[in-house]
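Okay, so subunit A shows up in both of these, paired with subunit B first and subunit C after.
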Partner chain A sequence: MNIQHNIESERMSFWEKIYLPEIGRGLALTFKQMFKPSFTRQYPEEKWIPTGSYRGRPVLVLEEEGERCVACGLCSRVCPALAIEVRAGETDKVKERYPEKFEINMLRCIYCGFCEEVCPEEAIIMSKDYELVFTDPQDAILGKDKLLIPIAQLQDRLEYLRQYR
Partner chain B sequence: MDAIPVGALIIGAKLFIIVNGLLVIAAYLVYFERKISAWMQNRVGPNRVGPLGLFQSFADVFKLWTKEDIVPAMVDKRYHLVAPLISMTVAMAAYAVIPFGEYYVNGANIMAVAPGINIGILYILAMSSIGVYGITLAGWSSNNKYSLLGGLRSAAQMISYELSMGLALIGALMISGSLDLVEIVKSQSGGKWNAFFQPLGFLIFLVASFAETNRAPFDLPEAEPELVGGYHTEYSGMKFGLFYLAEYVNMFTASCLMALIYLGGWDIPFLYEQLATIGIGQGNPLLGLIQFSVFFAKVVPMLFLFYWVRWSLPRFRYDQLMNLGWKIMLPLALANILLTGTGIMLLKHFGIM
Partner chain C sequence: MPQIIIDGQRIEAAPGQTIIEAALHAEKTIPHFCWHPGLSVAGNCRMCLVNVGFPKKAADGQPEMDASGNVFVQWGPKLSIACATPVADGMIVDTEGQRTEHAQHAIMEFLLINHPLDCPICDEAGQCKLQEYAFKHSNGKSRFIEQKNHKDKRVPLGPNVLFDGERCISCSRCIRFADEIAKQPALTFVQRGDHVTIQTFPGMEFDSPYSMNVIDICPVGALTSIDFRFHSRVWEMSFTNSICPGCARGCNVKLGVRDNELQRIEPRTNMHVNEYWMCDAGRLENYHFVNEERIAEPMIKGMQSDWNSAIAATADIIKAYKPSEIMIIGSSRGTNEDIHAIATFARETVNTHNIDFIDHNDPSFADEFLKLADRTPNHAGAIALGLRSNDAVTKDNLSERIAKHQIKVIIAVQEDVSAYASSVEYVIAIASNANPTTQSASIVLPASTYAEVEGTFTNADNRVQLIEPAVTTKENERHMGMKMSRWDKLGAFNDRWTQGERRNSRPTWNILSGISAACGNPMNFSRAEDVFNHIALHNQQFNGMSYALLEEYQGLKLGKASEPEAKSVVYESHVLKPQV
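After this line comes the complex of A and B, so read on.
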């Protein structure tokens, strides 16, 4: 028989075996912790503002001339959760196409950011908005009115994409 | 109306104060447990309900009252109902003999519900043993393997630790020479606290009380990671709340006992002699108030110790628990009796005591 005796009680010294000094050390540690500042953020009052790398709710970029989106439908095609629905329309402007209807079902969206990656116009990007609570499934389907965000508010993300994409 | 004797009125008032006071204390013990655990983990703890979250426990209890009381189909309904009641009533019954001070009105100590009971400690030990029935019955009647395991563990654990608890107490009782809690406190007056003469007994009693009250590191009856919720897995609503509050009431009882038997109760050396010289002696209600405050000031550090240990130490494994109880604590408690007896004999022999 080749049994190696290396059980816990054999490795411990006498002072460790009677537990009490070690318990005292443990208690001292937790007591010290009591006087350290807490890391808690008081959420509804203090909100966390993410950096540009954060992938929150996908939004459409709104410039002065109008939306960037040309309704190519690539985002809708690439979306793994089938959350995006686009219907294209024609205008007389320089950009001939625009999305007549652009809906993202936030109950389906998984925030993967594929839509942003695939977009040739940098028209759909991920925003910093993470407060997504809906009381009705119908409210969770966001139309153009909620999706279009002025470009001034999206500078962090656009800067991030310019640097790292 | 004048048929009601004054004695009955006084008893009624005491009971009213004790029962309501205990429930409020238990609620605040929950609050402080949450606060202190939060501080130890660098968190904030409850701070939303009322100023500093002080009404959090009442919100919790209100929630428990209004919750649906789910009784699973296959439980033994009678025992399922009786178990939490046993836990709570037994936990509260211990307060019949705990004196909060020594203030006499018409020759009776009004600081205890049932004053002058000369076997107070035995009564409290008996009550804490009956508390096992509540937990074991809850585990058994739930018709759930995890609950049953929790209940059985509780029974085994409490019986094992009750032995060393009782034996550890004997040392203190030999010095005090009485089973009456007021007499025990009197025998410690002037700073002759039993904790100084019985450090080993105090330690054993402390550890055994942790086990008796099912507090971490001995909370095996409800070990969440192993047993879901232990004996109260199948309980909901206020039935669960009763178990929960009973745990804190038990904790308060244990702290009171430690303060009474080992920390001299309401004794502070020279305090009462000084107070008597400025006219606060027997007959002045301030005395009772001061005694109560001093007593409470000794109970609070003990309660803090309960929290502190719970949030510092990991749970024992079951075999470790039994090893500690039977192979270490019991021999130590017996050795403590022997040492105390020898010490008392020697001191008497040389005429010091």
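After this line comes the complex of A and C, so read on.
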């Protein structure tokens, strides 16, 4: 008959078949790791702080005079996941347009950073915030109250954009 | 007929035409800012500079040829503006060559010197001519490093128009519009050189009833609508072709819809009706009632109900009375389809001649240009489809007949008949908006507005024109070819912008065919087009019409479906490009 035999148990030697030396080698490796420096982190007590190049939750830059955003709607247009909804309103300031409503649906957001790239005012940027947990889909829609972050907290990302964009 | 060659394409031009007009008729647009086919020629933006030449002729009068048989062209010493150069036989025009392109780049750089480049704030962004040409006809570079001029911003020129001097490129379209079309010469240039700006004459206000057209023709965002400002970006709206229901003129319009809400109305070119224009009242008065104070559900005796029981209750009332005791008050606000259904319902289902409609004439609204005294869009259609009968109860003798207890039931379509409500036993209201009648009516059936239905209006010139649905209701959600913006189309149930109200309204013809079926006389219409095809088949004046033909010819005149007016070249100054 045209059947080839290539069975594992036929290929293995006697010592390999009883497994004991292999178990010993495995235990030795584990034992060795115990004395090496540890790479794991005690999250959430111990947190990782990303560098400026990290693309976390998109946020709006809040300056002293108010938000930078002029509600041009380009982020909303470019967003491939339709996560952003902007509604503009009029103010008496020199920048006559402001976002009356600015909502990002974090269940839709894919962190691609297109909104940051297209923004003509550098008003929406990616933050370092990666802890996004929601218990209700409606909570995942972040409004202006959660999106506006003071510019002082966003210096790393702005510096990164200045250098590499 | 002079023959000219534009970019190698031979074009038959009419004598006296300018190059830009001849090109437009051959469906070729030469870049321009200040030229508008509806206005006089100013020639001040210089964007339409083209290279014009003639075949070089030898001493014997024959064109000179090179070895391979190509004609030698004697180009002009300078470029010419296509908007002011009349065509001449044999003229050769180059709109794409290096020389023309160089001039276009220079003009764009020049126009952008003092332009604030605040596109993120500007309402025009997305349909701006300057923005479009900056991509198409500019090298994108500026050598201007000095301080830009600052001019007045947010200056109201009139009650509806806001002017931003920094964005203005001084094309003078608005000035010419005010002088020539609105006939209110209120605007003028002041100052000189790069300080030039536009102002109203002292003590004057640009408050013409047509003032808002300058917003559409302004090639940049210098003139914006006070009413619309910042409501939506253009690319966030879908634009659906419709007809203005404000008066019997039937101006062609586009309805801008976002989040299932009518945001703005703007004119659409139809050379046979409104050309490029429409009145301010048409824009401002005809979107609130689509968005607000709507009757969203059928109601029986003031209690919310559903369609089946409301229609059954209506049919029960109709069956319980003699035909002569029922009066049907139609409305020339409805489409031809609605009116046909009302007439059929009255004559065949109820079997009565008590049918009429109320005129809405307002002589103070009329003027010599577009506005007409008749404030309903379909008066001619109502007459043509027999909504008025002279031999029975009409609205003129209605109160008298009611007094003699001859009328016991009034079915009112889109009309306020609350004056008679107390003297009859039942009022059945088919209405889209709350009014005194709907508050007291026994049964209220929510009707769709003009922005939510497919249908036709017949204007004062007997021109039948097509309207398409722009706003979604529960009834038209699956309408084929409904235009929707990216957000409206792809939004899901948990997106907040999709939470706008879907009203449970139906077109009037649909409601009446439902009642008719409940009374045992089904009309067998399932779409508005079925109703129209039925009208076209049985009504002499509509013979030969169809939705496809109405769309193709931008409307057909009653009784003249076989001889439509010539299709005109549609000039759109600047519109949002179709989304891909």
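Just so it is clear, the second predicted complex is superposed on the first by the 134 of 165 C-alpha atoms of A that agree within 3 Å, B and C clash if a C-alpha of one lies under 4 Å from a C-alpha of the other, contacts with A are read in each partner's own complex, and residues count from 1 in each chain.
Here is the rule we go by: a residue touches a chain if its C-beta (ideal position, glycine included) is under 8 Å from a C-beta of that chain, and two chains touch if they have at least 3 such contacts.
Everything numeric in this text was worked out from a predicted model, so none of it was measured.
Participant: When both complexes are superposed, which of subunit B and subunit C contacts more residues belonging to subunit A?
Facilitator: Per-residue touch count on subunit A favours C.
Participant: In the overlay, answer first, second, both or neither for which of subunit B and subunit C A:158 touches.
Facilitator: neither
Participant: Regarding the shared-chain residue A:118, is it in contact with subunit B (first), subunit C (second), both, or neither?
Facilitator: neither
Participant: Which of the two partners, first being subunit B and second being subunit C, lies in contact with A:36: first, second, both, or neither?
Facilitator: Only subunit B; A:36 stays clear of subunit C.
Participant: Identify the partner contact of A:27: answer first if only subunit B is touched, second if only subunit C is, both if each is, neither if none is.
Facilitator: First partner only.
Participant: Please give the residue numbers of subunit B that touch subunit A in the complex, ascending.
Facilitator: 36, 38-44, 308-309, 311-313
Participant: What does subunit A use to touch subunit B in their complex?
Facilitator: 23, 26-27, 29-31, 33-34, 36-40, 42
Participant: Which residues, counting only subunit A, touch subunit C once they are in their complex?
Facilitator: 70-74, 76-77, 82, 85, 88-90, 95-97, 103, 105, 107-108, 120-121, 137-138, 141
Participant: How about subunit C: which of its residues touch subunit A in the complex?
Facilitator: These residues of subunit C touch subunit A: 119-121, 125, 153-154, 229-233, 235-236, 486-487, 490-491, 494-497.
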